[in-house]
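Take a look at the structures listed below.
Below are two complexes that have chain A in common, paired first with chain B and then with chain C.
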Partner chain A sequence: MAVDSVSVGRHRRGYYLYLIPGFIGLLLIVIGPQIANFVLSFTAWKGVGTPRWIGGQNYQRLLTDDQFWGSMHNTLWYMLSMTAIPVLIGLVLASLLFDYVRDQFGEKLSSFFRAAFYLPQILPLTVAGVLWGWILNPVGVANAILKMVGLGAFAQNWLGDATYALPAVSLVIVWIQVGYCLVVFMAGLSRIDPSLYEAAQLDGAGWWQRLLSITIPMLAPEIFVVVLTTLIHALKVFAPVFVLTQGGPDDATLAPSYLTYYHFFATQRVGYAAAVSTVQMILTLGLAAIFIWYQTRQAAREA
Partner chain B sequence: MTALPRLALVAATAFSLMAGTALSQDTFNIWWFEGADSAQGITWTEALEELKAAHPDVTVNFEQKTFDQMQQSGSMILNSAEAPDILEYNKGNATAGLVSSQGLLTNLDEAFTAEGWDKFLNEGQLVLSRYNELGVYGSGSIWGISTYGEYVSAYYNIDAFEKAGVNVPTTLEELPAAFDTFKAQGVVPLALGGASTGGQHLLASLAYTKADDTWIQNYQGLKEPLDGAPYLYAAQTLTDWLAKGYITKDSTGMNDDDAALQFTSGQSPVYVSGTWNLGNFSANIKDFKWGQFVIPTPKFSVGSTGNLWVIPKGSKNPALAKEFISLLLSTKYQTEQANNGGVSFGADAAQVTNPVGANASAVFKQIADKQGLGFYPDWPVPGFYDVLNQKDTGLLQGTLTPEQFVEEIKEVYDDAQMSQ
Partner chain C sequence: MVDIAAPRTAAVSTSAHSVRYRSPMRWVILAILLALLAFTLAPFVLALLNAFKPGTDYVRGGPLSLPTYLQFDSIAKFWTLADYSRKLLNSTIISAAVSILAVIISLFNAYALGIGRVRGSVVILALLLLGTMVPQESIIYPIYWMAKSVGLYDTQIAVIIIFAVLQSAFGTYLLSSVMSTFPREILEAAEIDGATRWQILIRVVMPIMSPTLMVLGTFFFIWTWNEFLIPVVMLVSNNNQTVSVAMGLTRGQNLSDPTLQAAAGLLGILPTVIFFLIFQRTLTRGVIAGAVK
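Here is the complex of A and B:
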């Protein structure tokens, strides 16, 4: 017995060797820069030269920075368009495609739709951004169509008016995100025992009833993963804002990541940019921790 | 051995051979970001061909960059081993000034006389080449050389002006009067890309009409808290033009390319922007005659000498880099540049056949000779470019009053002024 346990221990120790390359990578690419970023947030630095230690001044400045708080406020919008709306649309669409379109029109059409909805995820965002820029331009496609069908009164300066810019950028984000939710949910749906649906159908449950009482509860793990990953994305949304509005007009669509980028590259307040991203990181980690704790608790309860 | 690994082996050998030859030969790496169809891009490509022909043993590697790329990460590139032997770099305190003060560039004081550049450039054309030890332009050593000029002016549709019976405005009062005539005929006279640089260039062009030497020096030199009066005038004028319909409110949703398209397609007869449009307009406007006039101003216009050729500290081929600068300054390529529609300082006027380049070079000389280059509004403060763009759109969409606009840009300016 004793001999056995020693050999197992030796085996285990041997396995640790295989973790070294990964750990070095983690250290170099994730942990190192995080620490560097945290340290930099206490300095004034122009990106070249020697950083100067200034203590908590960057954080003090954050407290009264309207741009920062504006971007935080906008993040609430981005959570809506990155997470809440795509998850709802994704659920309805996934379940429609899975048990209605597939049953009525066949596997091929359902796969086609799935691929089509996922396309925005594959399309390079810069390309999508240019296209949406053309669509939402004051003399662009959206307004042209509105005018053509006699709804010219609804034509707007979509990206250039503070009232509409945030909803317009959000719309583009929803368009991008729905595909991701849809694909994960459809994968999850194939895991659910079809007999549940058959039984419900025999009992006379309608489509909505089946969605609410079978699909959503059974998909809980997938919904959970999607909500967590998209919320993290919402907190660090950058590319759509960068390609569509550069945070404008008059900071109406500013996001924290864009503010970081702006201070890092444009104002050369690298220390301040580091402070913004440190706050952002703490929020993201906090959110993830809450979610994972909640999930573990749920899982334990179910077990 | 199966086919695939064999192929990989062949490829690997080929690559190592190529790398080997590249290393054993003399290489010259050069970057610039002027567009390939711009006057500079065309001229520089020609000059580079001559350089290649004169040095057949040197492998010349050219990389096309973008303005934004260099604006945003230029200092980091220059601070790394990846820097080329010579590059076009953005002029101004926040860019060339910063890297020169950090010792990342080669000092060109000696080369200036040794290479004979002093015969082509006067002190006025060196203002933006000189940076002191704090990286502030105007005095100190020479760190870069510009070979062309730039200025912001009003492009106008000559045919539309003639048809509407409007004369080219020569005073600031005649400008809105001209707009009014067009407006009465149902035309939005002024195309404006409020979402990008167009807004701030128009605004600064108007502000500079109320600026004197002291104001410009204080403003660009970050010497005092911002005196907002010229900007207030500009902001009020812009709001007024907006209310009268000379500019559309939609301009906040348009960038410079969209606005330029409104001009080139003939929808709007006036477009205020820089000489970097000359190549585009020469190539793409076929349906009407066009020209340019400077926004009427007592002295200052938005404009400056162009971006700088700088030689990084780690340049492995500074001699060739200097030779390239000499080529660009030579009468041959200055004339060539004007003939490609560019703004030259040293063209042989008799040899310039392109009316666009001849006119632009003449206008630049006119502004430069009266010391009227007011430079760009975003220079004094790092990041001011974006601040002006954001606040501009606020003004144009009506969420900021002219007073609030001045207050908000003053806050950023004064903050930078205090903490420099």
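Here is the complex of A and C:
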């Protein structure tokens, strides 16, 4: 405050030097490639020679590409398994652990549950894929267990049968995601004034009523953040699909990311893959814009 | 594992709630929670149960039977098959280098944005945030092509540079908001003592920020460890690959033996569980910071 405005101005300019390494990196790794990718999406290119400008043809083709629409349709499933189901389970679990288990069974048990449910989150996605691939394969653990309990008739080729593959992959994703929602929600709950819950209890509100009328409204900021960030992740589901099904069988689990990867590196239709990833990027930007708008509004409110 | 940072309000609310009537419902709810817990932990337990099980036991008793004796053949076989020591070393080198570099870049950026408050910092921060969210698919091909043309394809250096930049975008975002609350008096005092901007960063800001920098570094390490798309594209030769890539490609290898698959899973789990046990407090705190800040 004491420093006069002239020296502040001089100072500020000097700080720009510190942005140089980060800026060069960002230009080289994010902005440049992003622009290049966008330009490539208007070309036909096999990855060698000179890209040939074809205007909007890639996007036209995309509109009638069953694989692309299939992957978009599957993305809705992935939004369900990345966002909707884990958020719901996370809310109920967080509220149960915070508002019920803790006073019925104690702090320790509640913390233990939280840590255990979080465990799948720390695994590399490919490790989760290896584990579940092993469990769900035709001669895998899931079917062996079904057989052991006399339900052998229900055994399936979970990942190899187009009917079951998408639900099976989705189940794995839910298994991964619940912990993230739970931990964020429980952290949010810890800032809620406990007297709110006590007052509600004195008024005779049951656990379910407290969930609907206190927990969910109070957690609105956390729910918003979790929903948006996981929706963005749902648009980029890659590793589980790569490891578990490679997009198959019959494209039943194909995700846009996998389609992009496939065209970039297997069919070498670089321009087309660039178009698919551009669509993905635009959808992400839309969600990200909402997110950033919300964050700045929150920051403005706090200030 | 039990002891994750406890909510601060615990003591208050427990005492107030303890008078509550305990209905039989509590056992129903506990049973439901335990069932969910069993589902969550099943893959871990099953991998552990079968990784040391002799193949003959698996054939006879299936995945749920207890092994009659412990064998380490499956672990040893996968270890050599995947050249796992090499993969661990690669992952450690890449993750550690990324973590250090990304922390330095984030610190520099945040020093200019959070403390220097240079003009346009809001726009720069929004741009950085976008950088963290944009799908990697939409930058992977140009990066791949660039790396090829400068001879950095299939090198760990390329992967290190890429992730240092990507991770530092998030780091800058987080650190700037922390640094914008940095006490001005300290900075002014240092300035009056004649410290240059560089000296202030190294001798004043960095020591005070070091706990946050450690948390950030831990996060960058684990995130990089878990990354898949960019490493699987950029690191084609076996000698350069990371644990995560090796795991992602085990499907393609001949792993028909179920105890071998369990061993692979277990070896993949171990490093992260070890990090988790070491850094659990740091991690849960960081998840929260990452999500809400």
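In this section, the second predicted complex is superposed on the first by the 259 of 303 C-alpha atoms of A that agree within 3 Å, B and C clash if a C-alpha of one lies under 4 Å from a C-alpha of the other, contacts with A are read in each partner's own complex, and residues count from 1 in each chain.
The rule is short, and it goes like this: a contact is a pair of C-beta atoms (placed from the backbone, for glycine too) under 8 Å apart; a residue touches a chain by one contact, two chains touch by 3 or more.
Note that the structure is a prediction, hence the values are computed from the model and not measured.
Contacts of A:262 after superposition: chain B is touched, whereas chain C is not reached. By the touch criterion defined above, A:139 reaches both chain B and chain C.
Residue contacts after overlaying the shared chain place A:160 against chain B, while chain C stays out of touching range. Once the two complexes are laid over each other on the shared chain, residue contacts for A:202 go to neither chain B nor chain C. In the superposed three-chain model, the partner touching more residues of chain A is C, compared with the other of chain B and chain C. Shared-chain residue A:123: touches chain C; no touch with chain B. Of the two partner chains placed by the overlay, only chain B lies in contact with A:46; chain C stays clear of it.
Shared interface residues of chain A (contacting chain B in one complex, chain C in the other): 47, 139, 265. On chain B, the positions that touch chain A within their shared complex are 71-73, 75-76, 78-79, 94, 98-99, 102, 104, 194-195, 248-254, 258, 381-383, 385-386, 389-391, 393-394, 396-397, 399-400.
Residues of chain A that touch chain C in their complex: 1-3, 11-12, 14-19, 21-22, 25-26, 28-34, 36-37, 40, 47, 93, 96, 98, 100-108, 111-120, 122-135, 139-141, 144-145, 147-148, 175, 178-180, 183-184, 186-190, 192-194, 197-198, 201, 221-222, 225-226, 229, 232, 235-236, 238-239, 242-243, 256-257, 260-261, 264-265, 270, 273-274, 277-278, 280-281, 284-285, 287-288, 291-292, 295-296, 299.
Those residues of chain A that touch chain B in the complex are listed here as 46-49, 136-139, 157-162, 245-251, 262-263, 265-269. Interface residues of chain C facing chain A in the complex, by the touch rule stated above, are 1-4, 6-10, 12-14, 16-18, 20, 22, 26, 29-30, 33, 36-37, 39-44, 46-47, 62-64, 104-106, 108-109, 111-113, 115-119, 122, 124, 126-131, 133-146, 161-162, 164-166, 168-169, 172, 177, 184, 188, 191, 197, 201, 222, 225-226, 228-229, 232-233, 243-245, 247-248, 250-251, 258, 261-262, 264-265, 268-269, 272-273, 275-276, 280, 283-284, 287-288, 291-292.
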